Amino acid sequence: MKATKSIFILVNLIFMLFMFLTACGTTPEDTDTAERGADEEVDEPTGDPQYGGTIVLGTSGEPVIFNALYHQDSASADVTDLIFAGLTYTDESLEVQPHIAKDNAEISDDGLEWTFELQEGVLFHDGEELTAHDVVFTYNIFLHEDYTGPRAGSFTSLESVEAVDDYTVKFTLREPDARFHTLTGYSILPEHILGDVPIGDLEDYNEFNIENPIGAGPFKFENWDPGQSLSLVAHEDYFEGRPYLDGVTFRFASDSNALVLLLETGDIDHMIAPTSELVAIETYEHVNLSSTLALRYDYIGWNLQNPLFEDVRVRQALTHAIDRQEITETVLEGQAEVAHAPVSPLSWAYNEDVARFDYDPDRALELLSEAGWEPGEDGILEKDGEKFSFTILSNDGNTTRRDIGIIVQQYLGQIGIEVKPEQMEWGAFLDKINPPNYDFDAIVLAWGLALDPDPSAIWHSKEIENGLNNISYRNDRIDEISDINTTIIDQDERAELLGEAWAILAEEQPYTFLYYPNQFVALNRDVQGFTHHPRVDMYKVNEWWLNR
Amino acid sequence: MGKPENNVIQQQSDQTLGKRRSLLSIIVAKFMQNKLAVFGLFTLAIIITACVLAPWIAPHDPNFQNLRNRLAPPGPEFWLGTDHLGRDLFSRLLHGGQVSLTVGFVAMLGAVSIGTTIGAIAGFFGGRVDAFLMRLVDVIISFPNIFLLITLVAVLEPSMEILILVFALLSWTGTSRLVRGEFLTLKNREFVLAARTIGMSNTRIIFGQILPSAMGPVIVAATLAVGGFILAESTLSFLGLGIQPPRASWGNMLTYSQSVTIFRTAVWYPTFPGLMILITVLCFNFIGDGLRDALDPRVVEK
Amino acid sequence: MSTLLEVKNLKTHFFAKDKVLPVVDGVDFKVNKGETLAIVGESGSGKSITSLSIMGLVPKPGGKIVDGEINFDGKDLVQLSENQMYKVRGNEIAMIFQEPMSSLNPVLTIGEQITEVLIYHKKLSYKEARQKAIELLKIVGFARAEGILDDYPHRLSGGMRQRVMIAMAMSCDPKLLIADEPTTALDVTVQAQILELMKDLSKKFDSSIILITHDLGVVAELADRVIVMYTGQVVEESPIVSLFDEPLHPYTQGLLNSIPKIDEEVERLSSIGGNVPTPDSFPKGCRFSTRCPHVMQKCIDEQPELKEIKPGRKSRCFLHEEGVGS
Amino acid sequence: MTETLKQEKNSITQDKSDVLLEVEGLKKYFPVKAGLLQKTVGHIKAVDDVSFAIKKGETFGLVGESGCGKSTTGRTLIRLYEPTDGKILFEGKDISGLNEKQLKPYRKDIQMVFQDPYSSLNPRKTVGTILEEPFRVHKLYSKAERKERVEHLLEKVGLNPDLRNRYPHEFSGGQRQRIGIARALTLNPKLIIGDEPVSALDVSIQSQVLNIMDDLQKDFGLTYLFIAHDLGVVKHISDRIGVMYLGRMMEVAPKRELYSNPLHPYTQALLSAVPKSHPSEVKKERIILKGDVPSPSNPPTGCVFHTRCPKAMDHCKVEVPKLQELEPGHFVACHLYN
Amino acid sequence: MTTYIIRRLIMMIPILIGISILSFAIMYAAPGKPTVLNLDPDISVEDRERQMERLGLNDPAHIQYLRWMGNVLQGDLGNSFTRKQPVTQLIMDRLPNTIILMVVSTFLAVIIAIPFGVLSATRQYSKLDYGVTFTSFIGLATPNFWLGLMLIMVFSVQLGWTPVGGVSTLGSEFNLLDRIHHIILPAFVLATADMAGLTRYTRSSMLEVINQDYIRTARAKGFRERTVVYKHGLRNGLIPIITIFGLMLPTFIGGSVVVETLFSWPGIGKLFIDATFERDYPVIMAITMFAAVLTVIGNLIADILYAIMDPRIEY
């Protein structure tokens, strides 16, 4: 009896202790005093690069396929970027730079012939040399009628590709295409391995795609333990020299919360840090945070099929009524810039000189009044007996955008507009907003921008019916600019034309452009040589090294 | 002979009149013996009252944001602090309780009504009807519940109403088996046979005779179910499929415990909804346990 | 004849939250060696709890022997520790119960259930125990005893199970066998079989038997002496024949008269009016006063004592004092 | 007074016009399912070809041991079970094939008193409600009249009418059984089937209830089918008695005839098994039957009793004996008398 | 017995077909198509259309279902839409992890619940009983994921006793201790609710048994209380637990969704969640069916065990 009594007490004690620990054991460590700079760089390297060591990269997405011709997800891209090499790459300032190619393309005067000289001695992981024939083989897959991947649409302007000699490859276009720059970075596949596989079967050719991808990139595929980790080892004969690291391991976790904990315990060395967790991560002494502007903007899209948003003054008023500055300073921890147009400040096509609709609720009311909206009895704006009331939709996976829906409800409520925030699961959300449904009033969403600033995919009216212009925006000048801008090879000339488009869109406010967010990489202090790329997560990993 | 018998009748009636105890008072007395159950009932009463009165007693608008005062610690202005959008946690806790309790109660009512009806029909009529209904139950039981829940909630927009509907549609099987079992025994009890011999219709027998006697275990199960649904809502919230903001529920407030930042800098934020769920479900379990003993037919019939 | 068991002023009460239920309230009786004593009473008379008190198996929690002695073979069972009682139960005193269908463990074979007693009390090896079990089963009338050993109880009929129970009870040659309504749940033809068996066994084993029953027919068949219990008390004690010939207590009289018999015909049964009072509502005076046709004021005010009226015969009634008699 | 009445009844056995209920070849089989497809592989022959008749105003006793089918017979007669075969003629009309709607008028005429006083009353309803239920079902009387009748009935069965608002658990077993009887009486039935109505009661209470049943029979002119296993009780209450064994009727006779001159070996064994009513009584040699009642799902061939019959002949294993009238009113199904 | 098992197996067929139709219908009715889940401006309308065609998503629902059914009958669960791998492969990669987790947590639940349940019953109303009762109620009332989070925070992060997640230490060879180290928390969290429930069931089942006549018989035989409880009581008391146990199986799979997410445990629960969000029909169907089969088989095994434990049951 005595024994059981003491067990009982022990059990209770443990339980209470446990409750106590969880409740009180975690006092925040001077989070308020931590300084955060927008473009803070990682500590300067503390010495010369050294070889050796393996770093663990934390990621919540698991890759699907190690073949750039078929993957659609960023987790796969992160891995393939390390295994494969392309003719070119885009550097951290978003300039296209030669990679396997000796130099950027030599473009004929009519803009139709693009010729690359390849470096010699570029070796695949199996020791075979990468030649122009591999390049031709790779790009011909896109053009093949049996190609099943998602990229055929990008290559409609490409007529043919041929090897002039072993180290020269020539692309022939049907028409000049400024975007073609960005298409020259695709991973080059080894013809000597895949040459005999029918193109139609290539997508399911798992012997290569999943089990043993062979590329010419800095790291070799070693092992994939599904759900847990994936390891790559240094490619000794990498043409730019053996990477400093012996290997790179991707460690998969369920979500960013799990990753943060892994980072805290030192189980991972690197992760893309969510803004909401910065405060915690900053307290980790063994971790550096790097930040840079992401190639992305977040917005509220107004469904222009809805009569509420027909009037441009209404849209402008809506933007006036939302304090984007406050949102960026609070919810985004100051880690964002207010956006005014659908182009990133990082882009060469950025135009600073566009209309701005800063927080000004009075002006908003004026504009609304001009548009015929006056406060009704209950304080809600009315016009012709219609109340200004709508639903703002966001997807439930993204807490920041979900919160913005709620914040907007309050801002617009203050000027007499009734907003009902709603969240949906991503798949259902897309089904609802996309053609043919267009079943929404307003959405909170973000665009991760392509390397090429061509606006047609989102803003051209031909994209209303079946494309991404789901808010049904229609502007003849925008259509025109969309149609012609890609044929202008000269970047400055094109930038000017695009600048006009941005100005129109900023004025018309089909979206309320919210902000350009920063993106963060949390990195163990031991990792050196890191360069933060706004779009590529695994950028120049061959230059990273461990100071251990 | 006549005289002593009358005498006896007199004595009998005196006797029985003396120890008169209604059914309800027996149950109540038995329930009151269970200290934990009484504690549960009392605590739950306070919680429910507070939540029902939320619109009047909440010190702040539960949805009013002050972005400049995010994650403020508990203090005189905001008793339990503020959340990540600067809303008053205490007020949200009260309003969230309304939602959580509504989900629990209404889903329970739905599940119990469906389960009772189907179980009663299957148990009473037996034969093919029973076989068919029980196969249906088998299908639903064999259906991995949480998977269906996830799929359904993902597919339908996760509003409170949908959540209740899905919970009710997926959770009646237990009740129906329970009720069926009760019906199988009760339908051969002599008082039911007696009802049949006087020509009482099946409907009347089912609802007037058997069902009231079968309700004991159902009430117990229903009590436990309310707690179960509150927990289920919080689990779905964890998976991002629960009640959606800005509407507060204990479940979706609790999910912020996932965030390391909130855990480090504002541990009170997820702690309070967590405690509310814990205490409320605990109370329901205590009450259910107490009712199980109190409603045990052996108590009433002996 | 020597006394095997003497129960003196046994009081077993049940304690509910707010009340004490005197289920057995001052019971005295003796059992002699080799004798069959019947305890007769209706439900609520306390006869079963009396027997469980002897076994030291008063239902817990709630029940407790609050007073009295149970002298068995030189020891007071009330005073024995639980450890000492283990050696008495099943060994010196065995018991069989009313419900043969539920008194055997459904998941153990008959063999396991008989042999375990022998192995435990008599320290036999499994083999010896099994042999002995076969013998016992043969004694209680199983022709194919070996076959029965490996059967589970549910395969046997009620009568067969009761035989198994008897075999089990007799396995350690107990000095006293308590049979609590051993035939009540059985059909009349099977009851006849069991009664015959018990008669044989009591001779063969020379055990004393306490037979607890409400059925005066069974008593007439088996018992040497009878005590009649009512509401936790003994109201009459008598040798068997004289009880039937000349019942002393009005309750016994009523009981005997209210039974329809197959060899007599009466136009109308006599009956005892009213109901047996429950332990929480025992009357202050004579406990039978609420139903007694001869009730007097004294009966309502005072409790009569159990007194010897004639040699070997006791009754608890004021009528005898007044000389009214039967 | 009653003595003479009963004798009168006995003398007019053959008069068909006085028959209230006639059962002809009644069978009730319960299917036994087994195997892959749960096919019916056999039947429990609970009642197998039973015939008898009950005359107006008499008490017909049905005795037998557990599993003999006496209760099933009673429940089939009142149509709680669907008869497998046979006719149930109530006042000359066959009610065996009627559906519940057609049956409703007969529901008033035949009522049942059940064995278990604890489970036969709905524990959640007051006695008053329980007793008024039959009126509500048959839409009889006004509210006030119902109340009056219920009080009257309670008085009739010896209970204080003031107790009508009580719940069953507040009553003792004997009182509950009286309530059960009162319920059976509400609709003024012609026939009451008593299914072991006193076997769950204590001896002293049993006699109270038997007396009440006797009184009510006189007052209301009731006919009883009294099912019991206690031979003493059956003898006391019945005018004629049928003895059942394993679903079949073994012997039917007026009670005195049956007890003084049992013809069937089973009846003889049954009677001899009854314990003595006085310790000094010397019994005729007791017939101890071997073994147990066989399973009704697999009854013996021929005469179902042959496996235990001390007088069994080879013939008994083969042929089913017919129930034949050996003496006026005394029927026996046994090959000994062929 | 064999007939019974065969009959039960045959009865599974309509149930499983019912489940497959139901889940297919729900899935099909779900808004959102697998290939349009990415809003990628680089992917053209034609490319999307071609993918729909390739995956057979343009066919009518019943054709898709029958095709799926036909393939399943031939043992082919199809290829994942989003993961480019055979579903069988995906499941086989993750199933062992889920099974190990289930087995260990079941083991934990049983090993803790049954002794405490029995003790609680045999010492009804004792302090121990109240302690066990209270603790199991707390276990039942704690949101599973919250408990998991707290345990991670305390034991993994604060104290550093256990790893934050995963099945084993990265890159290490198989090591039993390492595995145990990793599984202990998730298994415990997964087991909690069932552990608590099982304790309650064991308690009430034992209480029921202890009041049976045959227990009184055993006592009357003079056995010590321990023999009475453990030899005569426990086996009877465990019989109903077996049924509960059969019903517990599917809850483990269900619970694994949460636990696997919390502990980054690469099992099929996590796979299922992902597949749902990705509208990866073949994976959803396969896992649903797998869980259904497991449930049905779990019930069957429970019934068979029941029959083995209880000699009264004969088929």
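As written, the chains take the letters A, B, C, D and E, and residue 1 is the first residue of each chain.
Convention: contacts are C-beta pairs under 8 Å (C-beta built on N, C-alpha and C of every residue); 3 or more make two chains touch, one makes a residue touch a chain.
Quick caveat, the model's predicted, so the values are computed rather than measured.
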Note the shortest touch-path length, in steps, from chain C to chain D. 1
Chain pair with the greatest number of C-beta contact pairs: A-E
Whole-Å distance, chain A centre to chain B centre, using C-alpha means? 46
In whole angstrom, what separates the CA-based centres of chain B and chain C? 48
Using CA atom averages as chain centres, what separation in Å is found between chain A and chain E? 37
Taking each chain's mean CA coordinate, chain D and chain E are separated, in whole Å, by 54
What are the residues of chain A that contact at least two other chains? 26, 255, 261, 264, 397, 425, 427-428
Where chain E touches two or more other chains at once, by residue number: 30-31, 138, 150, 153, 261, 277
What are the residue numbers in chain C that touch two or more other chains? 268, 270, 273, 275, 291
Taking the touch rule as given, give the residues of chain D at its contact with chain C in the complex, in rising order. 2-3, 65-66, 172, 174-175, 202-208, 210-211, 214, 229-233, 235-237, 256, 259, 269-281, 286, 288-289, 292-293
Report the residues of chain D in contact with chain B in the complex, numbered from low to high. 75, 78, 80, 100, 103-104, 107-108, 110-112, 114-116, 118-124, 130, 133-134, 137-138, 158-160, 162-163, 166-167, 169-171, 175, 180, 183, 186-187
List of chain C residues in touch with chain E within their complex: 55, 57, 61, 82, 85-91, 94-95, 97, 99, 102-108, 116-117, 120-121, 152, 154, 165, 168
In the complex formed with chain A, which residues of chain E make contact? 30-33, 36-48, 50-51, 54, 79, 82-85, 90, 93-94, 97, 119, 123, 126-128, 131, 135, 138, 150, 152-154, 156-158, 160, 163-168, 170-171, 260-267, 270-271, 277-279
Which of the residues in chain E end up touching chain B in this complex? 14-16, 18-19, 22-23, 26-27, 29-31, 133-134, 137-138, 140-146, 149-150, 153, 250-251, 253-255, 257-258, 261, 272-273, 276-277, 284, 287-288, 291-292, 295-296, 299
